[in-house]
Amino acid sequence: MENVIECINLTHYYGKRKIYENLSFSVPKGRILGLLGKNGTGKTTTINLLSGYLQPRSGECRIFGQNVQTMDPALRKQIGLLVENHVQYQFMNIEQIEHFYARFYPGQWRKEAYYELMKKLKVAPGQRISRMSNGQRSQVALGLLLAQNPELLILDDFSVGLDPGYRRLFVEYLRDWAHSEGKTVFLTSHIIQDLERLVDDCIIMDYGSILMQCPLGHINEGFHRFHCQLPERLSDVPEQLLGEKQFYHPALSLTGELELYSFLEKDEVERRLQAMNLPHGPLMMDNLDLEDAFIGLTGKY
Amino acid sequence: MRKLANIILGIIIALLVVWELPWLYNNYAVSFLHGDEIGGQPFTLYSGLADDFIQNTDGGQGRRGISGRDYTVEEADSLLPFFWTTQLVNAGRLPDTIRGYAVTPQLIRQTNINYHHRAYDSHSNRPNCGLWLLLESLPKRVNLEDPDDAFRFTEDGIEFVNMNTGKVKPKKSKLFTDALVKKGFAFPIHELDGNPDTRKEYDEGYLLIDNNRRMYHLKMTAGQPFVKKIDRVDETVVPKFIFVTEFRSRCLRGLMTDENNVLYVITPDYEVKPLGNDIHYDPTQSNMMIMGNMLDWTLRITTEEAEEFYAVSALDYSLLKTFIAPYRSNPYLPGLHFTETLDRWVKPRFN
Amino acid sequence: MFYKEWIKTRWALLLILIVTCGYVGYELLNFLRAIGAMGGAHIWIAMIMKDEPMFVRHLQFIPLMAGVALACVQFFPEMYHKCLKLTLHLPCSHLRMMFEMLGFGLASLLVCFGLNYLILWLGMRPSLAPELYGKMLLVALPWYLAGLAAYLLSAWIILEGSWARRIFNLVVMFLCLKVFYLSSFPGAYVPFLPCLIVFVLACILLPWISIDRFKKGIE
């Protein structure tokens, strides 16, 4: 499958602080990919590198096969970019901003799509964006992206400032639009439930590297929480548990219950616990939603 | 394009550095580090009685001759009676005769001269708007009066413009142009000097150098042009700059320098005579001050290399004494400058 | 691009136009009052004898302030929440977009300054000789060039993302603008004007340094 985004061996530092080293990933055409990671793992950095507003120390980002730093300007017509905080030109009103952008995207601009969304906003056509609420501004920014109708959408924290109803509406709209027209979307969000309804694939970032990149179903179906009671109160998690690579973030609760996350089958977890000579009560397995799975994979802290 | 932008920024920063750093050093550090080397010569005046240049020392408290002799302040007052006249009168020490010439305080005041020319006043060293004022040199009342017209030199004449209406006065323009042409004046003008200030005792109009480098005197008397051609001292002396002096004593018409920067006087009867023995003065590069009396003058010419003092006789313009004081050292850092003390232009120069 | 710049700056431009023309009008009024009170001849003599920027003196820093103000109005919104990202994401060459933005600002200032000059010229022409009003128009020329330079240098500073570099740029701007105010002797700048014009033209490229640094994410 053709890759729309390719990031190859990205290394970036802020001063002496390493953000990541030799990070590589790609996004195939027609997929919606969500970038998940705790604060400070480099989500916005990745968006900035992708949109060409940050030069990596080494490595390169390619979109539609071209290096984003030297890309043909005309190619940007096919890239919709939602920048952090859904910023748009504050000094324009909703008509002016549509009028302004429309001239840059002849042949692809979908004026109706924009005004359709704006109708729901209940703002006067002459109202300046600076006088709108955060949510309204976000909707203007999203409306403009949909009007642009690009092949690739890059959305930085798209759900910021949107109320639940509109968020849901937008997620559904975006999913249908992307899937029906074969568009590619690369996005980040703080609200993981939104991603669950939207993305096909996800990349989970940890400090300095990618923890995993896989289809969402792989996590939904294969990643579970296991817990069991330990007979004796332990003050610390046993060493052998911490050493097991397939167990994610084993932890003891205050009541002495052992909790861990894993992609392994229940029987296999049981077998490995026994192999460690760790006496325990009956092992329970829970299914997880994406948010729980994210916490299971990255830890609470 | 990034490279070009950075090159431009680099050039701008480099220019600012070679401008500002030497400026900071020259303005603040030099007086600390070389304070004793940068001061010019103190007030210096030639005394005909002592045949010596007498200088102020100790910030004006002492007097010393360049001959090496020290004078008391009182001695120096007596040796410079034309300068310290009021002091001597108050002390009752002003003699009746000086070197055989009868003097009175009034006569001294009448015959003392004071003239200075700064390089930045030279026409090539400053922008000129090209309009001049010609006073009536024989005013109906005692004081000189402002004119109601200004004039400009055109390619082939002189043009008077009414200052209240802005309209050219064709009659007066023709009258003056004809008067100049009649005396052989060749337009356009090469150089002129005049001092149309009404706060002076009399008006000499303008001294002009025409396109053929001939000198003329132009003034207006009773509304009529007065034009006088001034003969060269000899044909090899080509006038370059000319200066109206308008001394109270009327002892000169003006001064002149030639192509070789030799200084001449123009006497009241329009004779051109060398001043001193081959005193060189480039009015575009040096400042000149003349302080004189009925018997002798002290010329102080400040060039880039030295301060030159010349004593000349006021009677026959012969050179009496010379004192050249070269600057001890040049502690100033070279750098980029936009302005100079010698001219009024703002332009880049490196020195 | 011009549309965006126009929407962004139109009120500020109107204000700049009113203020600069207001100042010019005020100076002109003083001039006409002086002519009325003292007569043309008196003013002519004063202008011939004195080498001062009579009747335009108060204009000295007006173009400079106009340039800085326009740059602020035009480029602060671009830097607000890094709005410049939106501009740079438009499907046009970045260099072209920068030139269009700066071109718009320069053209606006030129129209405004041109109008100032026109008012001065029309106001002084009936009562003064060309030599005299020329003297006044010439003395103001470096100030107006300073206004254009101040606009470009301010854009360079505002578009810069790093504070340390902004301060450095500010020092460079201050020193560069000092060059335009070394003398108010009428006509003193005449031999230097071509250099100043070249300098102003060269300054058009400086904001590119800031934009380039912005694209690299240098803050």
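Each chain carries a letter (A, B and C) given by its place in the written order, and its residues are counted from 1.
By definition in this document, a contact is a pair of C-beta atoms (placed from the backbone, for glycine too) under 8 Å apart; a residue touches a chain by one contact, two chains touch by 3 or more.
Here the structure is a predicted model, which means the values were calculated and not measured.
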Label of the chain whose CA centroid is most distant from the centroid of chain C: A
Result of counting contacting C-beta pairs for A-C and B-C, higher pair: B-C
Whole-Å gap between the CA centroids of chain A and chain B: 83
Euclidean distance of C-alpha centroids - chain B vs chain C, Å: 40
Gap in Å, rounded to a whole number, between the CA centres of chain C and chain A: 47
Shared interface positions of chain A, touching two or more other chains: none
Contacting residues of chain C [partner chain A, same complex]: 3-4, 7-8, 77, 80-83, 85-86, 88-94, 214-217
Interfacial residue positions of chain B with respect to chain C in the complex: 1-2, 4-6, 8-9, 12-13, 16, 19-20, 126-133, 146-150, 152, 161, 163-166, 196-197, 338-339, 344-348
In the complex, chain C residues that touch chain B: 39-42, 44-45, 47-49, 51, 95, 126-129, 131-132, 134-135, 138, 142, 172, 175-176, 179, 182-183, 185-192, 195, 199, 202-203, 205-206, 208-209, 212
Chain A - residues contacting chain C, complex: 48, 51-55, 69, 73-77, 79, 81, 83-85, 87-92, 96, 99-100, 103-105
